[in-house]
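Think of it as A, B, C, D and E in the order they're written, each chain with its own count starting at 1.
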Amino acid sequence: MSKKKKRISIFPYASRPSFKKPGTPPGTANHLGVQQMEKVELKLCKYHSSHADFTTLQKINDAEKALANPHNTWLDIRGLHDVEKLRPVWSYFKLHPLIQEDIVNTRQRPKMEIYSNCIFFVLQMPGYSQKDKSLHFEQISIILGPDYVLTFRETDADLFQPIEQRLQLEGGRLRTHGTDYLAYALIDTIVDHYFKTIHQLGDEIETAEDRLFKDEDQDENQLQQIHEIRRKVVQFHKAVWPLRNALASTGWDDTDLITEHTKLFLRDVYDHTIQVIEASESYREAALSLQDLYMSNMSNKMNEVMKVLTIIATIFIPLTFIAGIYGMNFNPETSPYNMPELSMYWGYPVALLGMAAIAIIMIVYFKRKGWL
Amino acid sequence: MSKKKKRISIFPYASRPSFKKPGTPPGTANHLGVQQMEKVELKLCKYHSSHADFTTLQKINDAEKALANPHNTWLDIRGLHDVEKLRPVWSYFKLHPLIQEDIVNTRQRPKMEIYSNCIFFVLQMPGYSQKDKSLHFEQISIILGPDYVLTFRETDADLFQPIEQRLQLEGGRLRTHGTDYLAYALIDTIVDHYFKTIHQLGDEIETAEDRLFKDEDQDENQLQQIHEIRRKVVQFHKAVWPLRNALASTGWDDTDLITEHTKLFLRDVYDHTIQVIEASESYREAALSLQDLYMSNMSNKMNEVMKVLTIIATIFIPLTFIAGIYGMNFNPETSPYNMPELSMYWGYPVALLGMAAIAIIMIVYFKRKGWL
Amino acid sequence: MSKKKKRISIFPYASRPSFKKPGTPPGTANHLGVQQMEKVELKLCKYHSSHADFTTLQKINDAEKALANPHNTWLDIRGLHDVEKLRPVWSYFKLHPLIQEDIVNTRQRPKMEIYSNCIFFVLQMPGYSQKDKSLHFEQISIILGPDYVLTFRETDADLFQPIEQRLQLEGGRLRTHGTDYLAYALIDTIVDHYFKTIHQLGDEIETAEDRLFKDEDQDENQLQQIHEIRRKVVQFHKAVWPLRNALASTGWDDTDLITEHTKLFLRDVYDHTIQVIEASESYREAALSLQDLYMSNMSNKMNEVMKVLTIIATIFIPLTFIAGIYGMNFNPETSPYNMPELSMYWGYPVALLGMAAIAIIMIVYFKRKGWL
Amino acid sequence: MSKKKKRISIFPYASRPSFKKPGTPPGTANHLGVQQMEKVELKLCKYHSSHADFTTLQKINDAEKALANPHNTWLDIRGLHDVEKLRPVWSYFKLHPLIQEDIVNTRQRPKMEIYSNCIFFVLQMPGYSQKDKSLHFEQISIILGPDYVLTFRETDADLFQPIEQRLQLEGGRLRTHGTDYLAYALIDTIVDHYFKTIHQLGDEIETAEDRLFKDEDQDENQLQQIHEIRRKVVQFHKAVWPLRNALASTGWDDTDLITEHTKLFLRDVYDHTIQVIEASESYREAALSLQDLYMSNMSNKMNEVMKVLTIIATIFIPLTFIAGIYGMNFNPETSPYNMPELSMYWGYPVALLGMAAIAIIMIVYFKRKGWL
Amino acid sequence: MSKKKKRISIFPYASRPSFKKPGTPPGTANHLGVQQMEKVELKLCKYHSSHADFTTLQKINDAEKALANPHNTWLDIRGLHDVEKLRPVWSYFKLHPLIQEDIVNTRQRPKMEIYSNCIFFVLQMPGYSQKDKSLHFEQISIILGPDYVLTFRETDADLFQPIEQRLQLEGGRLRTHGTDYLAYALIDTIVDHYFKTIHQLGDEIETAEDRLFKDEDQDENQLQQIHEIRRKVVQFHKAVWPLRNALASTGWDDTDLITEHTKLFLRDVYDHTIQVIEASESYREAALSLQDLYMSNMSNKMNEVMKVLTIIATIFIPLTFIAGIYGMNFNPETSPYNMPELSMYWGYPVALLGMAAIAIIMIVYFKRKGWL
């Protein structure tokens, strides 16, 4: 009980929205987030059915010629801290100021917005660190235009490597279909990461549960751990929930950027999202059950303590009373009725045996009643 | 209290979604499930109004000629572990890659998806094992095309035998109507299994309730059993809930694979689904009531113990006080007021009787107040 | 506390859905219910604006001639156990097999289904038995065709007698309007029975509440009774809830069997249904309040017991301590400071008075604090 | 604790729906309510932009001529107990039988129904009696026809006097607009009464809260009072809730009885309704908070009692033990080790001081720990 | 425990709706609010793409000429207490009487209403005072006409200064777009204030949490503080919730006052609103967690107290019993079995050591069991 309480914040910092100074013009693109890389990197991929070329650029101007040719384009921008570097990209692709603002303000909810010249997806890629069991999210913005896909993110983690490999495969579906299918593949990869992350959360819940069934080490740290799990599951649920709207098919009829062929696949991703949401709801209940289990463990223990102590007191109180009786000072000399037991030959042993008998009878009775 | 706790997992393994490596191409068909059979078996049925032929095949090529004739076709594929054996079937019927993926990834939620050439139903057939009182689900995929029905499942349990028998009956409705009616009959059979399973869960709840009303064997195992029942009922509810959407009539107007005649019957199945959902909600409440009942039983017991013990203490405390009084050593020789009772002729008996009287008065008083 | 617990099932049998063997053909009409009558009875009424004739038949064939004439027809079938007797009726009116199945499977939820040749209402007539305070439901199926109304039910209780009487009244609205108005009148009668039943439930709640305010007879039976009331109110609510959908006006535009004139009246019935639903929600809360009241009564009692007992102990403990002091055996002969009180002239009386003073002070203090 | 419990019904009589005998024809107009006036009174107002005439009639026939002239008509009928007096009005204005039934059955939910020749509003005017702090509702039926407004109510309270005064004002908006604007003004007046009533409920809550913060008079009556407040707030909420639907604009496009001009004003009333509903939700929470506060007050008190008593016991138990030690009868004569303290010169004072020291140490310790 | 309770009202005054006397004509503009300024001030801004002029007026007539020229107009009215000063503005811009009423009745819910000649926004600007940690709201009414924007508010706080500065910037987007974009910029500023305010509430929650983790100062004031935080968060949530409807895009198609260009920006503000709502929901849960944490802290403390005290009693009760045994007065002279221990040489020391041993064994046992 006297262990040092580990401090766990009631809400994670991430749940506190960032804000700009009231009155600043909308579409003001300032990076609200953490700088993760030294330099902004642009990875350009031009592909059509027969080949796919990857180039790494420092700035967009280096690639004007490549961009001009009519093949499909995927431009993967890593690092959002240097807005000046991003601006040429934004103006080349004529992105709306509000898109610009959302790309660098990396605490957006997942959403899909249809603009006249493109579709803008904001997604949050979940990550789970095995080391400190922390859950974190990285915002990934995907912009789908008629013949290009732009992706913006803060780190250069190899999240999309499998996609790059599939693009390099000859005859793969990625190459032979348009950029909408590439956008789908990127979204699918992100949703798959939700599955991976929730699986890792599940492992953590199971470990906590195992610990809860070993009686010895029930302490307050355990409660803190359960709280932390619950917080993470709630955080995960909140992060995955808006995906439902972001990927629902309503509104796709307003745009011709997505083909019928790709819509079937996006419906499949939507289906996966529902699965993740349902799993995260199960996990939320599981985390709640963990807490209930801990609470009922603690309460049972407390009750048991009180019961045992009360029973000990209850057994000794009548015995003490009997001892009190024979501690009375009635004068046996003035009357034959005044405590004649005190002078009997077997008085003391009989008194002790009587007490023992009462104790035993009480213990047996309590046992029978199931109180012990 | 000291019995070994039986470990019950907080969530069943089944509630943890399986996941493929992020980035793997969609429509990649790998079997995610448990191999239940040695070999993949294909049972082919060709039928029209006047006859029905059943053949068991090892591979689809064996039956090309039979498939080519224009009668209605039902192909029942059992065993999903060997994807290579399934591929020829898929390509023969030109199934969409996403259908292929969902057939072998056997943790899908029940759903209905309309494709250009077919309707794809994923259902979960519930099963309840009397032996270990476990609840399990087997995914059954039904594909309805213009003149064929395909069913995919992992085991060769005789789930559809009644349907086969009805197909062999001359003049039965199954033969005289199209494949959409066969698909309906299969779905109806699966929904009927939900009824059977929930009935068995009901029996288990009643047994647990019977045990709860017999006072003697209230122990922690019982709580575990109640938790397990509750978990199963919740699991059942979660499994049956998506059926509501899967079988709702929205979207049937987009396809001409289902006739008006069959739509009436599918509306009836939908109605049954609502009944199962409502029953499962009642059961969920019943399981919750079981737990409340157990808790209130335990709490009543604890309260009764504490009350009885406190009353025992309360009765003896004044008596011990009186004994204490007469255990005082005031010197009767220095004053006639110093404990003259000690030397009285009836002193001791009167003291004892007084104590008995006080005890009796207290007991009577407590009884009157309803405290005993 | 030691009274025999009365066993109350956690869910009523009625909430467990009946089921047929999985795989049996749909539209298989087997009676699932309880035989209430010896023979199936058919009461035929032919009416038009100027007259109404009632005949009781044993089988439908007896009335072919009567049925053939173009007047409005009401056929009231009582007894559903003998399906063979019902079949001729079904085939005469060409009822869909699914209607047939639902008529004899008497655990249907209230619903309205529109078929091409008729509208099919399934309703549950509530009944409350004053004797054993039980709530039961009888399924009544109403089929509205272009010029006929069929009613199917298990018993021959005189539920529809007021309707029959109104039909016999010359110039009544029932006669002068079509069969849709008759169907409305029957539905209205059933909904009125919901009002009657919920009123009777209300009386039972008030009786239970009266008992709860008389302190003397608070025992566990009372809790059981409250549980039973709650269960009945929940059961009633569940039974009335689907009426909302069954009688909502959506879909009436798809049929021309109901005139604009009757639609106004059906809107009124719908309105009544909402009133019943709201009342049943109030009652559910009232039953919950009853339970809370009982619980808080019990808990207050327990707290009072514990408090009084603790106070008794608390008062005597210091007194016993003082008695213990003067029971010490310090030797007054070896020192003038060794318990000189014991030899004082007023020693014992002062000690007793001191104890009494302490007791009184404590009691007064506890009273002031409001603890007694 | 021993005070007489004041009986408060769990649900007010008003929440129990009235019902007619099942099977009675619909549109049967029997007064279900309480007679409030001796005679039925009809107050007729004929008005157009330049003048407004008020006449009080005993029966409708007295005013046929006045009614025949084409000016706007407002007929305010007070007293519903004498249906025979009302019938001529109903037939003059050709009111549908269902309207007739609802006018005299005064426990309707607020609603709006559109008929072919009129719009029928049922509203419940709330009232709060300062004397006995009771909440009551009076049903007011408003029928809006092309050039008339009818109002039906049970009492002749001067609810609509402000409207009458505004009608008599020359050039007021009421006179210059049609009867739909008059109907709006009446509805607006009723909704304003909701504001007034909820304000009075708020005063009652504040009084109860004040009392709760004065420690002295916490007793069970207070709980009853809080329960009563909560019941009233819930009742108010239930009464105001259906207004949302009754005044929502859906369906106004189906009628041309309401002009675009008046629709703007009705939208404003609807807005007020939402404000009342939100306020009543706040009040519901406030009443719940009151109850929580009371409960936590009671529980804190109980805990404090138990703690203080337990601490008293805990302090005296070790002292009593020490007194017990020196009450032992070991014979100092047989051994120098047998209780030599008893014969020491400072034995008794040291023992007493020791006890005092122990008591003080314990009290200081408990204080430090914050237990006292 | 004996500290003075700080009184916190259960609901803030602001949640009690104001009301006018029932029956007063609608559109009656009386100021319901608090006078914040001495005089009504009008700040007029005429702007087009190349310049922007600001003038401060005392009454509208002073600016008739300026208003007549065709440039865009922003009229910012500060002070609502003097309705007579406002009337000329209202009549100049032909505002509907209901708009007039809502402008000065400053307890409106946020809403958007479309009138034939303008769009009327009512918003509540949140403010948080660092000094007394209070949350308050100021109603700001924005009226968007074809070429003007009117803003009405009670104080002359410099809320819109950043907007004014941006208007004075040459080439800024504000100047080059229409008045709909100005209205958007004002709304955006207000929504940004919600972010700022919720951030300040978050700081307060964190401070309270910090205090909760320092064990020493857990007292009732803290609970009050937590209650107050919770109340503020709920109040904030209630204030922000209606924004969802007010800014949703439904209905914008009914007006041509907002261009497609501005609609994109308004969609962005709507998105921000959703973020604020979600944050406020997180905060509500956090405040609830704070309360739970406090409660569980208090309950743990109480349990610990009771446990320690019970253990002390339990240890001393057997010891007192033993002392009681040797305080019995059995006469050793009449029998060798009568308490021979009393005369043994080591009798007393052995008895004391035995007691010590029992105490130590019990303490060790309790420690092992984890009870101490």
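We adopt the following convention: contacts are C-beta pairs under 8 Å (C-beta built on N, C-alpha and C of every residue); 3 or more make two chains touch, one makes a residue touch a chain.
The shown structure was predicted, so the numbers you read here are calculated from the model rather than taken from an experiment.
Using the contact threshold fixed earlier, the set of chains in contact with both chain A and chain E is empty. The fewest steps needed to get from chain C to chain D, moving only between touching chains, is 1. The distance from the centre of chain B to the centre of chain C, each centre being the mean of the chain's C-alpha atoms, comes to 27 Å.
If you average the CA atoms of chain C and of chain E, the two centres end up 43 Å from each other. Touching two or more other chains at once are residues 306, 310, 313, 317, 320, 324, 327-329, 339 of chain E. Taken as a contact graph, with one node per protein chain and an edge wherever two chains touch, the assembly forms a single closed ring in which every chain touches exactly two others.
Around the ring, the chains sit in the order A, B, C, D, E, counting from chain A and moving first to chain B. Touching chain C in their complex are the following residues of chain B: 160-163, 166, 172-174, 184-185, 188-190, 192-193, 195-196, 198-199, 202, 205-206, 209, 213, 264-265, 267-268, 271, 274-276, 278-279, 282-283, 285-286, 289-290, 293, 303-304, 306-307, 310-311, 313-314, 317-318, 320-321, 324-325, 327-331, 334-335, 337-339, 369-371. Residue ranges on chain A touching chain E, taken from their complex, read 1, 5, 7, 9-11, 15-27, 96, 98, 109, 111, 113, 115, 238, 301-302, 305-306, 309-310, 312-313, 316-317, 319-320, 323-324, 326-329, 332, 339, 341-349, 351-352.
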